[in-house]
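Note that chain A is present in both complexes that follow, paired respectively with chain B and with chain C.
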Partner chain A sequence: MSASVLAPAAPRSARLQALDAFARDRMAVLGLAVLVLAVLAALLAPLLTPYDPTIGDQNAILVPPFSPGHLLGTDDQGRDLLARILFGARLAFPEAVIPVLAASLAGLALGLVGGFSRTVGEVVMRALDVLFAIPMVLLAIAIAAALGSGLPTVVLSMAIVITPYIARVVATTAAQLRSAPFIEAARCAGFRDWRIVHREILPHAIPAVVVYATTNMGAMVVFAAGFGFLGLGAQPPAPDWGAMIADGMRSLASAPWLSTVPGIAIVVVSLAFNYIGDGLRVALDPRLRSRL
Partner chain B sequence: MPPPLRSRAASQPEAPLLEVVNLTVRFGSPVGEVHAVEGVSISVGAGETVGIIGESGSGKTVACMSMTWLLPSPPARYLSGRITFKGEELRRNDEAQLRKVRGSGVGMIFQNARLSFNPAYRLGRQIEEVLRVQLGRSARAMLPEMVQTLRYCNIAEPEAVLGKFPHEVSGGVAQRVSIALALLSRPDLLIADEPTTALDLLSQIEVLSLLARLRDESGLSLVLVSHDLGVVRRIADRVIIMYAGRVVEEGPASAIFAAPRHPYTQGLLASALQQGDGERLYEVPGTPPDLASLPPGCSFRPRCPFAFDRCVTMPELAPAGATHQARCHLLERATEHA
Partner chain C sequence: MLSYAAKRAAAIVPTLIGVSLVTFALLHIVPGGPVVAILGMAASDPKAVAAVTRELGLDRSLPEQYWIWLRHALGGNFGTSTEFHVPVSTLLFPKLAHTLVLTAGSLVYAVLLGLALGIATALYHRSLFDRLAMLLTLIGASAPVFWIGLLLVYLFAIRLQWLPALGMTSLIGPGGVLEVLKHLILPAFANSIISLAVIARIVRSSMLESLVQPYVLAARARGLPRWRQVIVHSFRNVLPDAITITGLQVGFLFGGALFVEVVFGWPGLGYLIYSSIEARDYVTMQAAVLIVSAVFVVVNLAADLARIALDPREVHA
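Presenting the complex of A and B:
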């Protein structure tokens, strides 16, 4: 954003206030810390573990957790679970983040048009209603089934499924603001519709989308694991967390850690996203912020 | 008692700056069609200050917004109306022309100035943006002029105010900033829609004095919409009284306030507080009509103390003096008896 010659620095900028409010939310900070560590761990996975996540050691099959050399144990093919979790994060994060980012962009565009324009908007919103009417999971599975399994398919189908939800969040904001006095004033000042949408309305829609998207990423971690569990995600021997749970099901009684360890990973990452989303919700809303 | 601020030269307009002819605006609603504005004609001369008075729902705001075809349609339905600005007809579907007129010909200020600024930006940035769009000039080049204009509008510390968010300034300051903003693009006409209604008494006086000074010093034409007679009385050269979407009386401010001819205007004036008046305040009996189901005939008939048999038909706006008009059958009766 360009610095304004007419707006000298105020005592405390809105951005600093938001940062401050976020920093005071302990769970949000904890969530952020966990997430940063998890992302680092995923990036540095080859340095953190000597094992290959897809090649097992025939001499170390079903080693229980906390054994020397295998902190989280091994599976029925002798593959180190810690290595599989770390490398699995390299799948889990893109699966959660990319669809939400794509859906946010598409949702913003559709929602702004849908909420602002009275004619075209009606058509857009009714089309989205059709997508709403179909259960989310079912629709995603149907799309994935039609396109074949694999990571790109999962990402695409999840993006399509989330888009209407984000569009609705944006459209609600846009429709509320459409007749706000300051929009009327902008029209009086001779602003084009396009300028009104992207300069006057967009800034109000973005915080809601950021919060919604962040919280949704947590849900998408679980969602993506569900795909893996059903065998629609990354294919074996890729260390997909959901697929790991499914594999572990067979020996749940004798080696419960096989399903539990990826399960815990999913819960921790998902919660981290949720707490961050909550923190952002408060931090980005001036009214909630001032209550702290 | 503040001095009256009526302009010295009650200018007789040669060709009006803005002319609205026979404007009819309706809105669809679940309970029926709302007749917001019915056959309203308003002309504003160069340098003239026109006050429009009416209760809530009398159509004054709709009429003003329509002066630059500002109401989105739908939901508004423009049934008739022709608007001429500086001799040029404003076409409702000519977006480029309308944007130009809205940007630099006709400025507008609203009842709640703070809400007319985007809460997401500092005031300075919004003013910059407007100027960039309207005048294509950079903010840096405009800064001295901007500060000067804000000073003119009695903003004591312009630089500080420009760095504030709309919710950080008072309503009075916000209104004066919005007037300054309107002035920066040097409009020929300023439409002020209830500019003082949301303000405390002191801020009201400040804003009114500013508007009066503007009119006197800049040659700007002013349309002042208000339901407050005192406000209009202090500034307007000519007054238009609206009731239920129609103009019911129109004339020079002096004539209207001295000798109102329409019973509604008479009621309004009688209900305004008189200094040193110990009697119970008069009020116009009844409530404003439902614009979705107007009674046949004169809209004011159900509340009119003088209603008689002829009032079941809608009276025409008829001359009640050289430059004074009223929409009432009593006028005809007076001439018949004379």
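Presenting the complex of A and C:
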């Protein structure tokens, strides 16, 4: 009998176990691969296409997809659709990611106060409850419309309406921990509130925010496209995916690819995010992981 | 039960006050402030500016301005549309009815197809049909609803020419109910897709749990037909979950109708909001947002009360 059998298996770190669980989820890995490719394509857009996304070729108007020289066809101004999709990704990713990052920071701050302090927290959470009472997309659109169209307004109004959702996730975590033994211990050790919050509670709140943000990133890509569709996002001739769908609406009967192609781009990116989010959620939650 | 309902109903009052505060603030974040927002092009006319400032107390403190605005709104006075030059209230209420019809139509799709799909995929768990259906619901839930709407228009209205894409004008038009229903088929389906996918997924996972419970095995042992095992014994126990999730979707369907209304030219509040944004008609937009949010709150309350009436255990939980 060798020693290795008797010795207990070395406990693997929680991080390694999570990574392992994620790697075993084939769809999540596929989603990650697609996403990495999409980000690379966005970064390398000028190398991948010879065309300018905003300048059309008057001799190549409404060329259907799979034509030589124009893999995805051209629009009514002769602009190459593949070039517009590639350069459009440079708008689509920041438009989805920046509001979520901003809302995560704001949501962490508000949620920690809301979940940890009993008096101030109650006020903060009641105020945030009001924002849940207004349909999220509608509120964001109204804010963007009032402020005036453009990328910064879209990012700002998305961040405003996402913040309460993230704050709620954080507040729930913080409230659950408020009376946990290790918090009591920290209190008995004489630590001040702010130290307990940022040393003991914050490390538990961050993974919850990361999972929430990732699982919703796909929806954010779609959300951002909605502004473009309504004409509130990046202004023409910027290759905004949502705005491209709206432009294609006018020639839906004669040139259906104009709306179809950017929609497929949105679905691919949003699906990839959704599969990654699912994989991450399962990988970071040991209860769900055991069911695999 | 009744006291709970009363408590739950009373809780919407502070919510509605909060909603009104947020909506009130919308005009104040317009560059140039409320005067520009309310008057539009006419803001260069000092007489008009003086008149609107006096009427709405725009030279007074913010709380006073809010109070004046709220009193007007509660009395049904939402101001005058800068685009259509009529009182906004005359625009709002016919549109509200149209949006509610669209919501009801979407709810029918979401519940019927969602339940059917959820039950069927649970019965054929891990089959090709199950995998395909789950992939389709995920794609449907990951796609922009306006894009799905356009695909439906292209397929059913332009290519097959089975259904009209646009042209819904009024509920009480010459075509009658049948005409409205014909115009409702595509937009209601497009609007329902996300909720349909959510309901199907919840029902599927609940059914999977319920199908292996001892009482289903007992029903099988007694030799009951398969449909009775599934519908009477399993599905009965999925109902609370199904009702809860459906209740949550009602408000979502109502609040999310905006994009679908734009694609299909459905003359509801969403379309009104879209055209008021295009025309920079902030007064109309503000009123429409207020009405949609207020109805959203009430619809969610009604769904919640209905759920509790059907499953009284909730009250004590």
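A few points about this structure:
One rule holds in what follows: the second predicted complex is superposed on the first by the 278 of 292 C-alpha atoms of A that agree within 3 Å, B and C clash if a C-alpha of one lies under 4 Å from a C-alpha of the other, contacts with A are read in each partner's own complex, and residues count from 1 in each chain.
The criterion applied here is as follows: a contact is a pair of C-beta atoms (placed from the backbone, for glycine too) under 8 Å apart; a residue touches a chain by one contact, two chains touch by 3 or more.
Since the structure is predicted, the reported quantities are computational estimates derived from the model, not experimental observations.
Of the two partner chains placed by superposition, only chain C is touched by A:274; chain B is not. In the superposition on chain A, A:250 makes contact with neither chain B nor chain C.
In the superposition on chain A, A:191 makes contact with chain B only, not with chain C.
Of the two partners chain B and chain C, more residues of chain A are touched by C. Look at A:182: by the touch rule set out above, it reaches chain B but stays clear of chain C.
Shared-chain residue A:118: touches chain B; no touch with chain C.
Touch criterion not met for A:26: it reaches neither chain B nor chain C. Of all the residues in chain A, the ones that touch chain C in their complex are 126-127, 129-131, 133-139, 141-143, 145-148, 218, 222, 225-226, 229-232, 242, 245-246, 248-249, 252-253, 256, 259-260, 263, 266-267, 270-271, 274.
Interface of chain B with chain A (complex): residues 68, 70, 72, 74, 98-104, 107-108, 110, 112, 115-125, 127-130, 133-134, 139-140, 143, 146, 159, 162-165, 178. Interface of chain A with chain B (complex): residues 4-10, 14, 118, 180-182, 184-192, 195, 199-200, 203-204.
Per the touch definition, chain C reaches chain A in the complex via residues 14-16, 18-19, 21-22, 26-27, 29-31, 37, 138-139, 141-144, 146-147, 150-151, 153-154, 158, 251-252, 254-256, 258-259, 262-263, 273-274, 277-278, 282, 285-286, 289, 292-293, 296-297.
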